[in-house]
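We call the chains A, B, C and D, going by the order they appear; numbering starts again at 1 in every chain.
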Amino acid sequence: MVLVISNWDTFLTPYVQAVEELKVKLKGLREQYQLSSKHTPIEFVTGRVKPVTSILEKAQRKNIPLDRIGREMQDIAGVRLVCQFVNDIDTIVELIRSRSDFNVVEERDYIKRKKESGYRSYHMVIEYSVHTIDGEKSVLVELQVRTMAMNFWATIEHSLNYKYSGEIPDEIKERLQRAAEAAFQLDEEMSKIKGEVREAQQIITKNRENSSN
Amino acid sequence: MVLVISNWDTFLTPYVQAVEELKVKLKGLREQYQLSSKHTPIEFVTGRVKPVTSILEKAQRKNIPLDRIGREMQDIAGVRLVCQFVNDIDTIVELIRSRSDFNVVEERDYIKRKKESGYRSYHMVIEYSVHTIDGEKSVLVELQVRTMAMNFWATIEHSLNYKYSGEIPDEIKERLQRAAEAAFQLDEEMSKIKGEVREAQQIITKNRENSSN
Amino acid sequence: MVLVISNWDTFLTPYVQAVEELKVKLKGLREQYQLSSKHTPIEFVTGRVKPVTSILEKAQRKNIPLDRIGREMQDIAGVRLVCQFVNDIDTIVELIRSRSDFNVVEERDYIKRKKESGYRSYHMVIEYSVHTIDGEKSVLVELQVRTMAMNFWATIEHSLNYKYSGEIPDEIKERLQRAAEAAFQLDEEMSKIKGEVREAQQIITKNRENSSN
Amino acid sequence: MVLVISNWDTFLTPYVQAVEELKVKLKGLREQYQLSSKHTPIEFVTGRVKPVTSILEKAQRKNIPLDRIGREMQDIAGVRLVCQFVNDIDTIVELIRSRSDFNVVEERDYIKRKKESGYRSYHMVIEYSVHTIDGEKSVLVELQVRTMAMNFWATIEHSLNYKYSGEIPDEIKERLQRAAEAAFQLDEEMSKIKGEVREAQQIITKNRENSSN
């Protein structure tokens, strides 16, 4: 079976819908955290559907027949959750696992085991159901959870990868890895500060309570 | 039990979230119709959460204790679907009944049995589940399905009702009813044109097919 | 000179930008009216850039060379302001004339002189300047100001025109004109109610002031 | 003169409007860069109006009388432009200086001369004119131009400052400065990679042209 170009709109419609719905659902959580005076583990949420040319290129590269891309290509729909501190990631992962409006079908922890390139992120693949004018459709969506430092680095690696068609010269690859290391150090140090912030804040709150007696 | 003002944000959060999600879901249907070159039965979608002052005023008027408004006041969250032709309403009602992401718990047909005031609309109350940072919450949402003429009239009646605090003078009430009747005539005539449009179009399509032989 | 398809994105960019900016500017006015407790003369604002196929079709029909469409086709960018009452239109027209961020270059009053088809609307063509990455560009934008009843009728006429390729059969044309007449009556009656509403409200306000003495 | 709370909505309306308009204008530039296949110097654009409590707190701290905050507090409206590479900042600054729809009234280069805290950003204060329902109003808006690394660091410093009420303990201050230094190193290394990327790309393009002869 071969999908012709005229089918793409129909094929991608449930993915577009899934990304729109998930963005509203996850941005809603962010607003609820901000309204409650709790620390919000979600800094921002973005989403996109993979362009047709990128789907075709990846299908060829990974040798996926076009009639199986719906099940075997997990990142046709992608939603990204970016946070400030590394341990915010755990909070988000727990929140996502606990929901009943979709199923988590796979998790890949590229933070404990970062990629050779230096890439770090927590990936979750979920099965999400949307209602279209042609009935209910279930699609896979890849959620990427990462800190702002991980995201900053990944954005730049992505554009270099694009420019070098996936074959970044060794010298630049090395620099990218040093940059990845620096981003990692930033995350580490920020995480330590976070703990101190919380301790400090408890002390301040206590002092205030004492002084008001 | 008495809900104090400071609880309102928390109380209304799942309603706000439900309205946002339903707007994205129903606007998505509209975009899918437009992409498909079928006639789109949905002209536009709007939504709102009832302001606290209106909730309080209605609770007092209808004698609903504040700890029961979540179950007994069905229009705290409201979503409106507006269409061009009267029989688009049936298409929308069927689409909504067929979905599995919420349950229809009540339907009120103010089109077959219009209100004394002249008000016409199809109301559906659905039970919709949202995930908040405090877990899953189920809320009631009122869907109003109506034509543009019904909506036009209702918007003006609403603002008159607001201005006269629900007690519109008889003389103006009569005018409003004549206007409602005119809006009804408009819908009737448009419906007849719609049928002819479809017939005409089938003839045109057939002629085209014949001439291309 | 002939514009080839590859130029369309570049050609339309300033029109897209103008529509986005004008929508934000005019929706802002609406929100300001709602915040002030004044009657808001703007019910909603929509905008669109004419699709390339429609531009080409109109250029051919009106015999406009493609290198002159920027100056001679005034509705490539269009913004619509819809209001409740007929005399809201005057308020909006005054607001638009008084602005210094664009120039009104033409006005056509299809309300005092409605089109043969029954079409009513107030049209204003403005010259609006946008800054793109290639510098400052000035484009024409057509503003359509109309009531909800005028808009309701025009939407349906537009879709019939589209379906009949501009040649609506006489019988349906007659029905459309009767519908236009009904829409006009609706607007007339609503306008009269509006006056009474205002008078009534002044009486109510006075009564309240007296009773509080 | 003392502004009472009831005036804040009116006072802030032109600031809200200015931020909305500038976001649409600057996001428009970003989309135009993406459409042209040029490198886009703008990664994302955000904007906000300072909350009333923060305005009051800053007015007291800086000893600004409330009737002069419109002229003396330059960041009541703020728009942030975030980019990938340090020298994208120059491109953005030039773009902003060249526009005729607002005037740049002040520039502060916290990149050449970073703040003692480690803060780096390029600030521009512009005078921007909006049309409200009460006529034309001119307001000051602060534009912050920075890289993603600068932004990442500044976001965290801002939340620590908020938590410590501006008095971050020395030990944490030192860590923040080391983190700022790491962010700076990241930017430096990325800038060098950028140059190589461009050189490499010119070589690739040339090779392609040669091989196609």
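Criterion: contacts are C-beta pairs under 8 Å (C-beta built on N, C-alpha and C of every residue); 3 or more make two chains touch, one makes a residue touch a chain.
Since we're looking at a predicted model, the values are computed, not measured.
**Student:** At the place where copies chain A and chain B touch, is the share of residue numbers found on both sides over half (same) or under half (different)?
**Tutor:** same
**Student:** Using mean CA coordinates as chain centres, what's the gap between chain B and chain C in Å?
**Tutor:** That pair's centroid distance is 25 Å.
**Student:** Roughly how far is chain A from chain B, centre to centre by C-alpha average, rounded to an integer in Å?
**Tutor:** 36
**Student:** Using CA atom averages as chain centres, what separation in Å is found between chain B and chain D?
**Tutor:** 42
**Student:** At which residue positions does chain B touch at least two other chains?
**Tutor:** Residues of chain B touching two or more partner chains: there are none.
**Student:** Once you've mapped the touching chain pairs, tell me: line, ring, star, complete or other?
**Tutor:** Shape of the chain contacts: a ring, since each chain touches exactly two and the loop closes.
**Student:** Which of the chains are touching one another, listed as pairs?
**Tutor:** Those chain pairs satisfying the definition are A-B, A-D, B-C, C-D.
**Student:** Within the complex, which stretch of chain A touches chain B?
**Tutor:** On the chain A side, the touching residues are 9, 13, 16-17, 20-21, 24-25, 28-29, 32-33, 35-36, 38, 95, 98-101, 129-133, 135-136.
**Student:** Show me the residue ranges of chain A that touch chain D in the complex, using the header's touch definition.
**Tutor:** Contacts found on chain A: 43, 84, 148-149, 151-152, 155-156, 159-160, 163-164, 169, 171-172, 175-176, 178-179, 182-183, 185-186, 189-190, 192-193, 196-197, 200-201.
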